[in-house]
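In the two assemblies presented below, chain A is common to both, partnered first by chain B and then by chain C.
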Partner chain A sequence: MPAMFIRVDMTREVAGDRELANKLAEVCPVNIFAQAPDGSATIVEENLDECVLCELCVQAAPPGGVRVVKLYDGTVLER
Partner chain B sequence: MRFYEFECKLLLAKQGVPLPHGGTANNPEQARQLAAELRGPVVLKSQVLSGGRMKAGGVKFADTPEEAANAAAEILELPIRDQLPVCVSVEAKAAVAKEYYLGVTYDALAKKPVMIFSDMGGIDIEQVAEEHPGHVAKQHFSTLIPYTDFRAKELLASLGITGGELTALTGVATKLVRLFQQYDMTLAEINPLGKLEDGSFVVLDCHLDMEDEARERHQAVLDELGIKPDETRQGRPPTEFEIRGAQVDAVDHRGVAGRVVEFDGNLGLVIGAGGGSLTIFDAVQKYGGKPANYCEIGGNPSVNKAMELTKLILSKPGVDKIAVIMNVVSNTRADIVARGVIKGVVESGHDPAQKISIFRIPGSWEADAFKILGKYGVEYCDRSVSMSEAARRAVEKTGT
Partner chain C sequence: MEQANIDGISLEYETRGSGDPVVFIHGAHMGDTYRPLMAEPALKDYRFIGYHRRGYAGSGRPDGPLSVSEHAADCLALLRNLDAAPGHVVGHSSGAVIGIQLALDAPDAVRSLTLLEPALLDVPSGGALIEALGASVPMYESGDRAGAVDSFLREVCGKDYRRSVETRLPGAMEQAAADADAFFTGEFPAIAEWLFAKEDAARITQPVLSVLGANTDAAIGLPTYSEIHERVLEWFPNAKPFVLPGAAHLLQVENPHDMAEGLATFLANN
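This part shows the complex of A and B:
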């Protein structure tokens, strides 16, 4: 089932940056980011609704690199 | 967790509490041998975790080894509340002159352990307290200050116990308190405690309940008794629904959401927060509602856990609606539970607005929870609506 409450967007630049991908996988407390075998960052769809809205991913990425969207009211967490 | 009577007696024996001579038998032949060794009349008791053994025919007397073997054969085949005995105890029949009651438990209101003594043993202490209050004495004590002989004597003497009887009972009372504290018991009860014709005392029956959460602390003694970690040790075996609930809870380490007890009503309960579950359950019944289950959620369970619990409850035949009610939460996020419950309802193929009779989880992240619930048309309320009122509204919507 697709996520009902949370969407996470990241730019191509963020996704392709191995170091950043590693950092995102490390900071997210509920494993929404994972590192693909080629080192790029991927979103783990089935974990999206577990997002605790801590913004650690938003802070770990450069401004505009990661956005967390609350689908239930449209609020966007970004920097 | 409960202990079989023979295990209780082993634990009491470790404290030096006097017990009748005897042992346990797994078959009639062993019962015959034990009775022969005891050289006299014996009492045989079914070793099951539930009460009501006497009424169900699980306690028998025998005058000869042959009678003991026959009685054991009958008892071992007799289920009591759907449980077959694990063995049968065979003990020397004591010549009892008088029966007493001694028990230790926690008084939730006083927030202290309480020692209870009665000179009318052999019947339910609640019944004695109601019908003969003058024959029951209670005494709270501290878990920090050692329980002394003096305190025990104060209690016993309040019912007129004196002399050698006072000395003997004091020893049993202090040992029972020691056992209660040493093994994190929630109940340690000797009923009846028999005074024999020669003036000595002996434990005729007893009941011990250990705090579930303390099991790991007492692994050594549980190993000694042969109790395996997967033995739930409740008064009855868990139902399929309850087993699946435990599996939901074991899915991940976050929070608690899956400790369920099955009932056969139409209102599924997703409830919790300290004693909140009990309060809410009672309130549902007070307003004529029929709970489909009891449950405890708390400690910030994951969305997945809350979802699986909801799906489990909705999968139960006869469940019309669910009520999601907790006390004011600080360590559980209302929005996370809201997400889980709504996901569970949707994944079960239902409309949250129809299936969730009420959502009342005020506290941490309630603003986000209310937005989620509002989006799905679910009735919700904040702390200005009491848990009892929320239960009433749930019952009204679900029907009795």
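This part shows the complex of A and C:
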């Protein structure tokens, strides 16, 4: 089922950084991030609406690297 | 507010807007918690119905304790009286339990079900919350109605709950003390006695939105409502999650804007 409330964007640089991908998978309390077999970061679509807006992923990534978009009102969480 | 008199039962209600009907079933102690949501522009294209359950404010006083099924029957009668069935049903806390019962008893009357932290307390940490809530009962029995209500709400909503109540629901605490009998002699035991199993949830095939306050666990110091949220998502066949930022258990009172936006998104898809 596609996400109704939350979208997460990450840059190619973030997605391709294995160390950061591991960190994102670790910090997200609801498992929105996972590591692909090649080590890159992927988004687990079915978990997106579980997002608790803790911003741990936003803080873990470099500025602009990860953005959390509240689809229901257009607000963006980023740094 | 207007009065609906249905088969000897008097329920006061108010409506706003026009469009597909949405009925809000309030939770314990405060009957006006729908009002901040009703006022939000995001829901202007719906016919929003708020009402006071029996025992609250200007609705009729029941002769004795009401069961969850009786409360659900009241809501159904109101929906039919207002020609609003099937409607989208939104329930908060114990009101969400009533909404679930309504969906079981009259599935044709429920188009979708939005559960704002339902009081499904049969989860691992539910016993600890019930124990904490139980401290309010001797206060009520000793005649300290306002103290009992405050004790209960502090435990279930967090110690800072009054801030949003006093801002958005002026007079609600005084009314809650006046309505304390409805809760302590009827609703509290009825919710405790209510039985609901995974097999019951499987019968509810309507779209369900499970709403969790992002701050609830921290506010009450227990993971009870997170556990309930996960249970709803696991048990109900067509459930979606929504995490409301900036809010604890008084979800729609603490952050009515995001709650209305999220609810409108869900309703538009269902």
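Please note the rule applied: the second predicted complex is superposed on the first by the 79 of 79 C-alpha atoms of A that agree within 3 Å, B and C clash if a C-alpha of one lies under 4 Å from a C-alpha of the other, contacts with A are read in each partner's own complex, and residues count from 1 in each chain.
The criterion applied here is as follows: contacts are C-beta pairs under 8 Å (C-beta built on N, C-alpha and C of every residue); 3 or more make two chains touch, one makes a residue touch a chain.
Owing to the predicted nature of the structure, the values given are computational and were not obtained by experimental measurement.
Aligning the shared chain A places chain B and chain C in steric conflict.
Look at A:Asp73: by the touch rule set out above, it reaches both chain B and chain C. In the superposed pair of complexes, A:Asp49 makes contact with chain B and with chain C alike. Touch criterion met: A:Phe5 reaches chain B and chain C at once.
Once the two structures sit on top of each other via chain A, chain C runs into chain B at 384-392, and not at any other stretch of 24-32, 60-68, 222-230 or 384-392.
For the contact definition in use here, the residues of chain A common to its chain B contact set and its chain C contact set are 1, 4-5, 49-50, 52-53, 70, 72-73.
Touching chain C in their complex are the following residues of chain A: 1, 4-5, 49-54, 70-73. Residues 1, 4-5, 30, 49-50, 52-53, 70, 72-73 of chain A are the ones touching chain B in the complex.
Those residues of chain B lying in contact with chain A across their complex are 302-304, 333, 336, 339, 342-343, 346-347, 368, 371-372, 375.
Within the complex formed with chain A, the residues of chain C that make contact are 212, 214, 240-243, 245, 257-258, 261-262, 264-266, 269.
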